[in-house]
Amino acid sequence: MSTPTIIDDLGALLLFTMILILAAGQIHRAVYAVAAQSLLIAIAGAVLATATGNRDLWVIAGITLTVKTIVLPCVLLWVVRRMNVRREVEPVIPIGATLALAVMVVVMSFHLGASLGPVSQAITGNALPVGIALTLLGVLVMATGKTALNQMVGLFASENGIFFTAMSVTQGMPLIIEIGVILDVILAVLVMAIMVLRVRSTVDADIADLDRLRG
Amino acid sequence: MMADEKSLGFVVLEMILLVSLGPLVTGIIQKTKARLQSRQGAGVLQPYRDLIKLFRKGTVQADTASGLFRMVPVLVLAATVAAGALVPVVRAGPPAFPMGDALLLLGLLALARFLTAVGALDAGGAFGGMGASREMMVALLVEPVMMMVVFSTAVAAGTTELGVLAAHRGTSWILAWRAADFLGFAAMLVLLPAETGRIPVDNPDTHLELTMLHEGMLLEHSGPGLGCMLLASHTRQIVTLGLVSALFFPLGPVDGADVTGFLLGAGAFATKILVLALYLAFVESSYAKLRLFRVPQYLGIGFVCALTALALRIL
Amino acid sequence: MAETLLWVLPLVPTVTAALMLTTRDRRILSAIDIGGSAILVALTLVLAGEVASGGPRSLGVLRADDLGLVFLLLLVVLTLAVSIYTVGWLKQAVAVGNMKAESLRSYFCLVHLFVATMVVTVLADNLGVLWIAMEGTTITSAVLVGYHGHHHGLEAAWKYIIVTTIGISFGLFGTVLVSATAAAHGAVGADAMSWSAIMKVAPMLDPGIVRIGFIFVMVGYGTKAGLAPMHLWLPDAHSQAPTPVSALLSGVLIKCALLGIIRFQTIAAAACGRAYPTQVLLVFGLVSVVVATPFILAQRDLKRLLGYHSVEHVGIVALGLGFGGPIGTYGALLHVINHGVTKALAFFASGTAIARYGTRDMRVIRGLLAVAPIGGTLLMLAALSLAGVPPFSIFVSELLVLRAGISAGHWVAVAIFLSMVVIIFAGLLHHVGAMVFGKPTEEASREPEAWSPLLGMVLLAAIMTLLGLTIPASLDGLLQRATEIIVG
Amino acid sequence: MEVGASLNLMAACYGAGAISALLARWSGRLALAVGHLATLAGAVAGVAVSLGVLLGAPGHTLSQPLLVLFPFARLSLSVDGLSAYFLLVISVVAIAAAIYGPAYLRTHSPDAGPARQAAQVLALNVFVGCMAFLCCAGDALSFLLCWEGMTLASYVLVVSDDQDGENARAGLLYMVMAHGGTVLLMVVFLFLTDRAGAFDFAALRAAAHGLDGSTRTTLFFLAFVGFATKAGAVPLHVWLPRAHPAAPSHVSALMSGVMLKVAIYGMLRFGFDLLAPVAGPLPPSWGWTVLVAGTISAVLGVLYALQQHDLKRLLAFHSVENIGIILIGVGLAMILWRREGAGGVLATVALTAALLHTINHAAFKGLLFLGAGSVIARTHVRNMEELGGLARRMPWTAGLFLLGAVAISALPPLNGFVSEWLTFQALLGGTGLFHGPAGLVIVFTAAMLALTGGLAAACFAKAFGVTFLGRPRTSHAEDATEAPPSMIVGMAWLGALCVALGVAPGYAMRLLDAPTAELLQGPGASAVVTAHGPLVLSTGLTALGTDATAISMTLVAALLIVLAALAWILRRGVRHGAPRVAPTWTCGMTPTSRFDYTATAFAKPLRLVFAALYRPRREVIRETAGTPYVVRRIRYAGEVVDLAETQIYHRVQRGITELSRTIRARSTGRIHGYIGFVLGALFVALLLFGVGR
């Protein structure tokens, strides 16, 4: 079983997890889904590392495994518990519409990829479209997710998309950059978490629901 | 073009002649009106007697009037008489030294009118104000039409210099008349009563009546001042008639400065003025005075005539 | 020398930030603040001199070229002005309780970290580092936006951090794509992300990939730069942040994002031809100018008004780049500086006004000229300059942008641009005129004007007027060289 | 060369004046005195410069490079005949304003703080300086800079006058419209600079020669609209009657008398110089448009003026009228220029008329505004209904105002008549050249011009009469006293100018030679108009080749004086002695000020005659005691509104405001929307630009 096919399958799985996140009614399910997604990314990293013998990719895979598969999801779940939102929250737009949009995004990405023709260096022809699709879908999650946590999850998801693209289209970004990016992500998530809890504690509302500033 | 030029002295002579004949024209008009209304009426020289009487009298001045009030009659008279200097009386042809043209003439008359109106406001009575306001209204309806009539003839001659205009028509004026001239003249006939302050626009004979225009402005003047104003209005009248005659039938030998020529010209001028005066008298005694706000319609007739005349000239 | 400066420069604000944690005394904090900014200015000038004489210098992932220096100069000057302004502003803010005296040091610390990240952004040669620094600015400034702690501030901060993070993650995606094709053409390892290295191979790059990459960067960094329609977070954040921070956000931060766009524009221009990136910039610029207009006209909140104005002016910069050509680019860069200075002044002046009247509602602020003659005058001047009236700087840059548009023959764009400019002029003058003239309200505080805010404002006003009357040869040279970098 | 030196001197003076605003820190009065003194000096220097150029070698252009401020443009000054002439106009009025100013500001607002005085001194000097150097500008950039500087400074002066919001609103309208105009000018200039690659006028001229007709015409109309906004031509005039009255009176004099003329300068510069084709007449559309615009402005301006009760507002509307008259001359010159036959000569006559009316209007409108200023400074009332009887209290002001009134009403023997006479002559000649509709338009214009004169006379009979004559209607007017001497001197200077230009206009023609000859590349003014010597005005050969119409204002004036002397003797009558004083006759009642005719009453007949144009609003509220025959009180309120304002501007403004309100109301502060927009933007952009072509 050759590397390209593996990457293709992983890409498909990633898209599937993304759909799960989109459709997830309860937030903690979405968190599990994104953790799974990160795990898939890590696996993809490992596969590419064996395929290309690029040592940096091992490191990246490791970091992804530890940080994005274990640490950050735990942080999120902790926040979820602190905010004890268990019940279903109705999405901003009906789930059907969301999925329809998702389909549009995917189609657009593949159309785009097709218009480009094969990208030299890319592991497979599908790497780029899948990457674009993942990134955009992640943002779609943020746009449609009702709560702040949905948005944080969506942010992860789209970051994952970028990482996947970076790995499969180039042999990953330079290590130092990769680490810097991940550090930034961690910082951002921490700041967001603090904000969410702060608002929850001061005015008992979800920060993503605030809409007093307008016009 | 044709015509040797009139010396300055001659111009002054004509001016004096014009001014001295002014009251007579009024007298004639009054007399004719009286006759038409089957009255005896005062003699034709009555205006002169009035003037002399007024210049003998003392002055009563309104307490609110400023120094300007005393200057008004002087300036008005001066402006009107100066206008008289611009009318060719017995001879057409340009003066040796250019003085003024039809526009300047109308300008001087307008100046006189403006000052009269201002003076009327000075005394600060309702009559003066009313007279001034209405006079200005009529004036600004009349002046453009006058200007257009002047233009309708000037376009043909290419100049607004009255002497040259007259000379340009030459002696064969009646043969040279075109439709435009008839229309222009008609417009002039409509305007004349308004410009000379007579029925159907104004009523020179009444005092203390709300319909009056010009007389209302004179209300506060007295003695010599009033005399000046009256003399000015006499002059204004004859100047206007002179303007009409110069524009439309400049009959009068344009060359030859000898005595006979002079007498001929004077006679011709006298007859022309007489005819126009009689016309005014007839109009005055055969029409009723219009309501003030019907006046624009009345003058509108003149406007249309003048505009058509111009159009005919140009098209 | 210059190379050392490259790593010293980011260090200065970082150290200042660290020093802040050593004390709680407001005076000492302000002193450190001003000192740090002054040193930063001095070192920057030295660096500028070096570069002007000896050409661009690079050190690892950092590189000082004329293009970056344009933005760096703006950054440090504004930082100094902000430091001076902060002294008096802080005193007042603490007095009325907007700021808690014990938490001042964290505030100062964050401000300087924020500055440090921006310094790295403008000095970054490696596009990855550029991205990291940019995200860094987002995180630090997001905390500052929410600093007042009431839930309006937090709402603004949340919107700010979420939307801009999305934006620059798009930016990262674009970066990845470009570096991917660069790596394919022999720029290996860390070079694959080094701007100067990529520029060497730029003409060979795969145009398709670069196109997509540029669009991702355009939208991504454009979000951060406040280009419409990705601008929605901007008025919220800029109106909720503490005034000095608003000045930095509007004055510099959005310009740094623009620098990111410009870096990629040069790559895209080399790879897919000049016309491509300029037309994208043109569209976004025009949209921004148009979208900003109604919100400026119907605005009631003073600081939101200024926020939307930033949208308009970023749009004008984008228009200048989009009209292209040396003149347009020169004008755009000049506009970056002019707008930065003027907008900071505007925020300062309105900050004092808001402090006087205790509200941001422009319907309440009346007769400022009567209660604060100098502040009122400065606000009026800033407004006039923003509206593009000579002898103030923005007139000159708008003139150049307009000329570029006319010479490029973009008549529709020019027509739309001009009509919007006139309408915005009317709106702005209407708002500010109503605030400055007339009879002051009762609750307006009549206390005399403090020196430090005035000093900061007068400094900026002087620069604003000076640049409106002349362009010094040194600045001109800098802009010329920077223009060459972009236009080639 | 000493002319250049005085140019520098002028700059130095205005600069010093601007700086002297700092003196207000110590003493506001001192700042006022020094600042206005500097303005005076600058204006005198300006006169020196312009006379030096106008009377110097023909065709000589004084040009002087300025220090390089902007790397992309060379700034320079170049003073040719046209520039010099307008510089003269500006300086002449500035002299009066500078003499008049300090006393006015002190008497009008004695309690003004030093800040305001400093602002006024600074703005005044910047204002006058910008206008002066605008005319001397040798390149597009300094032209634009001066142009906007002028606008900005006058805006400051408008809003500086007092604290109420009315001035701020007037200033806003002014500033916005001016800016709109400027934008158009910028487009034109930049288009040319882009073609030329340089900013200086010579290069622009060269670049314009390469343009095709349609482009040329488009550019001209852009510029024309831009300048017409500043000049206040109908329907772009709405800002004018609001802004001019709001400023301090000597500034109003400058704005009305001079600033509008700067726009005329711009039109001439563009129409005859920059955009003019190398050979052959201008495109007909230019001249006819200007002519018609002028006619409309003239008539509507004076019609609206007639219904004003605010003294300064009335004067401001008259500026619209006079700009119209000037435009008629300009348009006629554009039509006739370079036409075969008598066209060339007539064009010179028309342009001479326009230029002469420019300085005439500057003189008498300046005089009138200063006169109004003295009244306002003493009474603090602008509504003439509340004045009256001032002629006895401030005789000098009254006399000079009357002089100005006669002049502006185009009555001989003052200067207003001269320029209108020339305009009429040019129109008459035009009728000879054009047959068919074109001729009719010209004739109609002539008729409208005549009407305008009549209306102006009526208007000023009202303005002067109601303000200065009769009885004082309020205590303000009751307690008025004569204005301080320095103000009277300022007015007298302009009054003297009106008389001189009216009685001996021939001598002024020499000054018009340079501009007319340079612009029209034909015979100069004096070659045509004063062919028979300076005492006679003649229009050269008319279209039909008949000899010219010639008048001599001098002779007529002399005649008037002689006759007036005679009439004075007559007036004193036979019986000398002081006149008996008695109350005015009011049918036996004791006269009070309520008997006086008010401005509204005076204008009533005309309001009815022109009701179609005015659409007057009137409401009569009568309180009756039970039966309608017993009337307790009747309240009458009537107003005439400016059609352009209500029909065009208010609608546009309302439309834009409503639109933006609704748009703003649509925006919900939901973050999801924000994200959606970002995503959508990316999506659309990818589809638009991303997909390979």
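Letters A, B, C and D mark the chains in the order given here, with residues in each chain numbered from 1 onward.
The rule we apply is simple: a residue touches a chain if its C-beta (ideal position, glycine included) is under 8 Å from a C-beta of that chain, and two chains touch if they have at least 3 such contacts.
Bear in mind the structure is a predicted one, so any value in this text is a computation, not a measurement.
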Centroid comparison with subunit B (C-alpha atoms), farthest chain | A
One chain pair leads in contact pairs, namely B-D
Measuring from the mean C-alpha position of subunit A to the mean C-alpha position of subunit B, what distance in angstrom results?
-> 100
Centre-to-centre distance between subunit D and subunit C (centres being mean Cα positions), rounded to whole Å | 44
Whole-Å separation of chain centres (CA-atom averages), subunit A against subunit D | 69
Quick one: subunit B and subunit D, Cα centre-to-centre, how many Å?
-> 35
So which bits of subunit C are touching at least two other chains?
-> 155, 158-159, 162, 166, 170, 208, 212, 236, 295, 298-299
Can you tell me which residues of subunit D touch two or more of the remaining chains?
-> 664, 667, 669, 671, 675, 678, 682, 686, 690, 692
Residues in subunit A with touches to at least two other chains are numbered 112, 115-117, 139, 142, 151, 208, 210-213, 215
Which chains touch which?
-> A-C, A-D, B-D, C-D
Inside the complex, what are the residues of subunit A that reach subunit C?
-> 112, 115-117, 119-122, 128, 131-132, 135, 139, 142, 148, 151, 155, 158-159, 161-162, 165-166, 169-171, 173-174, 176-177, 180-181, 183-184, 187-188, 191-192, 195, 198-199, 202-203, 205, 207-208, 210-213, 215
List of subunit B residues in touch with subunit D within their complex | 1, 55-64, 66-68, 70, 73-75, 77-79, 81-82, 85, 94, 97-101, 103-104, 107-108, 110-111, 113-114, 117-118, 121-130, 132-134, 136-137, 139-141, 143-144, 146-148, 151, 154-155, 157-161, 164, 168, 208, 219-220, 223-225, 227-228, 292-293, 296, 307, 310-311, 313-315
Quick one: in the complex, what on subunit C touches subunit D?
-> 155, 158-159, 162-163, 166-167, 170, 208, 211-212, 215-216, 218-219, 222-223, 229-230, 232-233, 236, 276, 279-280, 283, 293-295, 297-299, 327, 330, 367, 370, 373, 384, 387, 389-391, 395-396, 399-400, 402-403, 406-407, 414, 418, 421-423, 425-426, 429-430, 433-434, 437-439, 469-471, 473, 476, 480
Can you list the subunit C residues touching subunit A in their complex?
-> 126, 128-129, 131-132, 135-136, 138-139, 142-143, 146, 149-152, 154-159, 161-162, 165-166, 169-170, 172-173, 176-177, 179-181, 183-184, 189-190, 192-193, 206, 208-209, 212, 235-236, 239-240, 295, 298-299, 304
Spell out the part of subunit D that touches subunit A in their complex, as residue ranges.
-> 664-665, 667-672, 675-676, 678-679, 682-683, 686-687, 690-692
